[in-house]
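In what follows, structures are represented as C-alpha cells.
Shared between the two complexes below is subunit A, which has subunit B as its partner in the first and subunit C in the second.
And now, the complex of A and B:
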C-alpha cells in the first residue's frame, strides 16, 4: 500500500477508535447537559472515579474491567440520583441552578479528586486485560484491541440507552422533560423524578466510561481534566440532546484530531478540532444534529 | 500544615528510630523549622509525595542524632496542588506567618521558579529539588540545585544520549525529536537538536505535542513515516506510558529509542510497561547498579519502601527520594559547619565546600548548579514482566552514560512489538 495512503487510513481508523472513547465519555453528558440542562462539570471526574472503582473490582475479583464497569453501573446510578436530589433541593427549586449549580459541580469535582488521592495515592493505576496488548492487523491498518474493545462496549451501552429512550415510557418521558417539564406535569408525571432517573443514568454512563478509560490508559485522580473541554465540545457539536449526534461528533472529533496530528503535527490537533467546533456553530448554532429552537 | 497520613508516618518514623544510628544527645529547645511547598495533589504529586517521605526520614535521622545545633528539626510544608500559582503565597506564609528558619523548594522546575522572587526578596538560602536551569535567569547567589543536569542544560542533557548514538554501527544519520509542550521537555528537545547538529545527524521529524494528547498513534506513525535512524522523546509520565504502549502496538523499531522520558523511573509505570521497556534508553538520576552504591542510599531506600507501601507513594523510590534526602543533607551539613542560621554564611559555605550525600559527593558552581553534571542514561535490559522485585536488583537498568558509572553494554535495537 502507498505509504501516504496507509498513513491516511491509519489516521482515520485510529481517530474512529479514539472517538469511541470520547463517545463513552460524552454520552452521559449528552443526557445531563444536553437533555437536563445541568452543567455537570464533574462528569469527567465521575468517570475517573468509575475507573478507580473498576481497578478495585477487577484487581480483587479478576473479572474483566469492562464487565466490572457494567456491573458497577447501578451503584453509579444511585450516586447520580443522590447528587441530583441534592442539586434539585439546594439550587434548582430556588432557581439558583445557573451559577450556583456550576459552582456545586466544580466542588464535587474537587472533592472526588481529593478523595481519590487520599484513598489511592497520586500514582497511576492500571488494569491489564489480556487483550490490552493485542493488535489486529488488516494489511497496513492497525486495530489495537486496547482501543477497539472499550469503544465497542461503549457503543453497546450507548445503543442500549438510545433504545431505552426511544422505546420505554420512562425514556420518552426523559426526552419530554428535556423539552417541556411543565407539559410533563400536566400528564401526571413528576419531572423531578424523571430528571433524577435521567441524571442517574448519566452518572451510570460515567461509571461505564471509566472502565473504557482505564483499559485505554493508566489513570490518576486528575485524568479527567484532559476530557473536560472535549466532552462539552462534543456534546455541543452533536446537538446537545442528540445521543446519535454526540456519537458522530465524537468520531468526527477523534478523526480530525488524529489526521491533524499525522499530517500537520500534534500541536495543531486541539486548535483544528476546536476550530471545527466554532465553524459548525457559526454555520449551524444548534449543532450538527440539534433542532433549531 | 499538610501532611501525608501523619499518624502512620510518625509511627513508622518512631519505630525506625530504634533501628538507626545510636542516639546521641536528645535535641532540645525550639525546633528549627524548615518550610516548603510540595505537590501532594495534582500532576506532580507522583514525585512530590515520595519526596516528603524522604524528607521525613531525614528529619527522623537528624533528630535521632541530636538535631541541628542541638535543636530538633521540624518540617512545615503545604500542598501547592501542583499549581505554580499557589507557590508564592505559600512561601509568603511560611516566612511571614509561620516564621520558618530555613526554606527549601518543592519538586520540579514549575514549582521552584514561582518561589524564587519571594525567597530572593527575603535573602533566604534556597536548596531546590530537580529544577532545570531555574537560576539561569534569576542568577541568585543563594540558590543551590539538587539536579544532576548541571548548569548548562542545552549542553548537558542530551549529550549522553547522542554519545551512545555516535557509538552505534552503522552510525545513525537521522533523528526524530518529539517533545511535550512544557518547559522541561522543550529544553530537553533543544539539547537534542544541539547535539544532533554537533554530530551532523539530520533532524527528519521535530514536533511538539500538547499535554492533552490522548492517542499517540498518529504521532508515532508520522515518525515511522519519516524513517529516522534514532528517536529522541522528551515527555512526562502520563504521556510516556501512552507513547511506549503505542510504540509496542505499532511495532516501532529503532537503533536507539528513548531520551528524556519521565515516567519509566516511576514504579507504577515499570510495573505496567514490563517487557516493553527492554532496550529503551532513558535519562535518569539513580539506578541500583554496583557503580552507584553511595554510602547510605541502600538504607534510605529500604526504609523508604517500608513506608511507601503503606502511604501508597512510589513503591521503589529510585527517582525523587534519594535526591530529596540529599537536598536536606546539603542544608544539614552547611548548618552544622556554619554553626548558626545566618543565610549569607550558609550560602558562602555551600559555594565553598563539598557535600557528602546519599547520591555521592556534590559541589556547586557560581549559579548553584552541580560543578560536575551527572545525567545518567540507563538502558532497561532483561525485563521479563511487571514484577517490581527485578527493578530492585542490579542489571535491569544498566547505566550506559556517563562512563564513570557505566555498568553494562548497549543493546540494539529497541523493538517493543517484536519488530
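And now, the complex of A and C:
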C-alpha cells in the first residue's frame, strides 16, 4: 500500500478508536448538560478522579482496570446524586443556577484537581493491563487493543444507557424531565428525584470513562482540562440531548483531531477542539443533528 | 416571589450619579499613601506582594464588568491575561518597546479578542459563551506553546531595565504601574456601574428577553462589556513579564488566574465595583500569606472551598452580607 495512504487510513482508524474514548467522556455530559440543562464543567475532572480511583483499585487488587471502572460506577453514582442534591438545594430552587451554578461546578472542578495533586502528586500515573501492548493488524492498519478494548467497553456502556432511556419507565421520565417537568409532576413523579437519578448516572458514566481514559493514556491531575473543550464541543455538535448524535460527533472529533496530530504534530491537536467548537457555535449552535436552536 | 429573587440586584440600588471627583481624589490619595508607606517599610518583597494583589484587583474588576453586571461568565481570564503578557513579550522583542506602550497594545489585543469571542457566541445562551471562553484559553495556550518566536514551551526572558528613576527599585516601578492600572480599572468599573451602560447590563442579567423587549440594545451592550472586560484583563497581564522577568506558558495560563478572576468578585460581591476589590484584597492577601507559610497547593484548595461556600451560602458576597444585615 502507498505509505501516505496507509498513514491516512491508520490516522482515521486510530481516530475512530480515540473517538470511542471521547464518546465515553461526552455521553455523561449529554445526560447532565444536554438533558438536565446542568452545566457540569467538573465532568472531566470527575472523569480524571475516576481514572485515579481505577489506578488505585487495580494496582491494589490486580483486577482489570476496565472491570474496576465498571465496579466503581455505583460509587460515582452516589457522588453524583449527592452533588445534585446540593446543587438543587443551593441553586436550582433559588433560581440563580446561571452564574452561581457555573461558579459552583468550577469550584468543584478546582477542588477535585487540587485534592488529586495533594494526594497523588503531579506525576503521571498509568495502568498496564495484559492487552496494553497487543496490536491486531489488518493489512497495513493497526488496531491497538489499548484503544480498542476501552472503546468497546465505552460503547457497551452507552448502549446500555440508551436502552435504559428508551425502554424503562425511569429512563423515559429522564427524557421527559428535560422537556416538561410540570407534566412529570402531573403524572405523580417527582422531577427532582428523576434529575438526581439522571445526574448520578452521568457522574457514574464519568467514572467509567475514567477507566477508559487511564487505559488509553497516562493521566495526571490536570488531564481533564483539555477534555473540557472537547466534551462540550462534542455534546453541542451532537445536538445536546441525543446519545446517538454524541457518539457520531465523538467519532468525527477523534478522526479530525488524530489526523491533525498525524500530519501537523500532536502539539497542535488541542487547538482542533476549540476550532470545531467555535465553528459550531458560530454556524450551527443547534448541533449537526439537532433540530430546534 | 422568593426573598432571594427580590434581593437579587444589589447593583441596581445604585447611589445617585456623581461623586466621581471624590472617588478619584480619594483613590489618588490612597495610592500615594500606599507608596509612601511601602517606601518606609523598605522591603523589596513588599512591592512584589503588593503587585501580586493589585493585579488581581484589575483582573477581578475586569471579570466583574461582564460577569457581575451582565451575568455572562468568562472562564478564560487566564487566556486574556496571557494574551496581554505575550503582547508585551512580542513588542519588546520585535521593537524593543518599553512597558507603557506595551500596556496600551495589550489592551487593544485582548480587547479585540474579547470582541471577537463575543461576536461569535454572545447571540447564544450565556452557557455557550462560558464554554467558549474556557476553550479559548486552551487554544491560545496551544498557539503560544507552538510559537518559537516567544520561546514556545521553554518560555521567554525579559531583562528588566536598569534605569528605573524616579523609582528606587525595579520592584517599586512595576508596583506603581500596577497600582495606577488598578485605580483606573476600579474607576472604569465604577463609571460603568453608574452609567446607562451599567443599567442596561443589569437589565440583561436580570431578564435578557424583557430587556430586549424594553428596547435595550442587548447585543451591543454585551459586546461593549466583553471588549472592555477583555482589554482590562490584557492590561492586568501586560506587566507580568516585567514583574517576573521570565514567562512560560505554564505560568501565563495558570488556572489560578481563571479561578481567582471568578472567585474574587463572587466572594466580594459581584455586580458592585467595590466587590472585586474587597475579594481581591482578601483572597490575594490570603494566598500570598499561604504561599509563604504553607504550600501552594493547599492555598488553592482554600480558594476553591471558599468559592464554593460563598456561591452556595452568600450569593451576593461580602457586600451582600453587609447589605443584608443593614436591611
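Everything below uses one rule, namely that the second predicted complex is superposed on the first by the 266 of 293 C-alpha atoms of A that agree within 3 Å, B and C clash if a C-alpha of one lies under 4 Å from a C-alpha of the other, contacts with A are read in each partner's own complex, and residues count from 1 in each chain.
In the analysis below, contacts are C-beta pairs under 8 Å (C-beta built on N, C-alpha and C of every residue); 3 or more make two chains touch, one makes a residue touch a chain.
Note that this is a predicted model, so its numbers are computed, not measured.
J.: So, does A:115 touch the first partner subunit B, the second partner subunit C, both, or neither?
T.: second
J.: Touching A:226, do we find subunit B (first), subunit C (second), both, or neither?
T.: Both: A:226 reaches subunit B and subunit C.
J.: In the overlay, answer first, second, both or neither for which of subunit B and subunit C A:183 touches.
T.: neither
J.: Given the touch rule stated above, what does A:278 touch, subunit B (first), subunit C (second), both, or neither?
T.: After superposition on chain A, A:278 lies in contact with subunit C alone.
J.: Give one of first, second, both or neither to describe whether A:106 is in contact with subunit B, with subunit C, with both, or with none.
T.: second
J.: Thinking of the overlay built on chain A, is A:267 touched by subunit B (first), by subunit C (second), by both, or by neither?
T.: Touch partners of A:267: subunit B and subunit C.
J.: Where does A:236 make contact in the superposed view: on subunit B (first), on subunit C (second), on both, or on neither?
T.: Second partner only, subunit C.
J.: For A:160, is the partner it touches subunit B (first), subunit C (second), both, or none of the two (neither)?
T.: Neither partner.
J.: Based on the superposed arrangement, let me know which partner A:3 touches: subunit B (first), subunit C (second), both, or neither?
T.: In the superposed model, A:3 contacts subunit B only, not subunit C.
J.: Residues of subunit A that sit at the subunit B interface in one complex and at the subunit C interface in the other, please.
T.: Overlap of subunit B and subunit C footprints on subunit A: residues 113-114, 117, 222, 226, 229, 265, 267, 270.
J.: If you look only at subunit A, which of its residues touch subunit B in the complex?
T.: My answer: residues 3, 7, 10-11, 14-15, 17-18, 21, 113-114, 117, 120-126, 128, 133, 135, 142, 144, 146-147, 216-218, 220-223, 226, 229-230, 254, 257-259, 261-263, 265-267, 269-270.
J.: For subunit B, which residues are in contact with subunit A within the complex?
T.: 40-43, 45-46, 48-49, 181, 207-215, 217-219, 221-222, 225, 237-238, 241-242, 245-246, 248-250, 266-269, 272, 311-314, 386, 417
J.: Provide the residue numbers of subunit C that touch subunit A in the complex, in ascending order.
T.: Subunit C reaches subunit A through residues 2, 4-5, 8, 67, 71, 73, 75, 120-121, 124, 126-128, 130-132, 134-136, 138-139, 141-143, 145-146, 255, 259, 262-263, 266, 270, 297-298, 300-301, 303-305, 307-308, 311-313, 315.
J.: Looking at the complex, which residues from subunit A come into contact with subunit C?
T.: Within the complex, subunit A contacts subunit C at residues 39, 41, 86, 90-91, 94-96, 98-100, 102-104, 106-108, 110-111, 113-115, 117-118, 222, 225-226, 228-229, 232-233, 236, 265, 267-268, 270-271, 273-275, 277-278, 281-282, 285.
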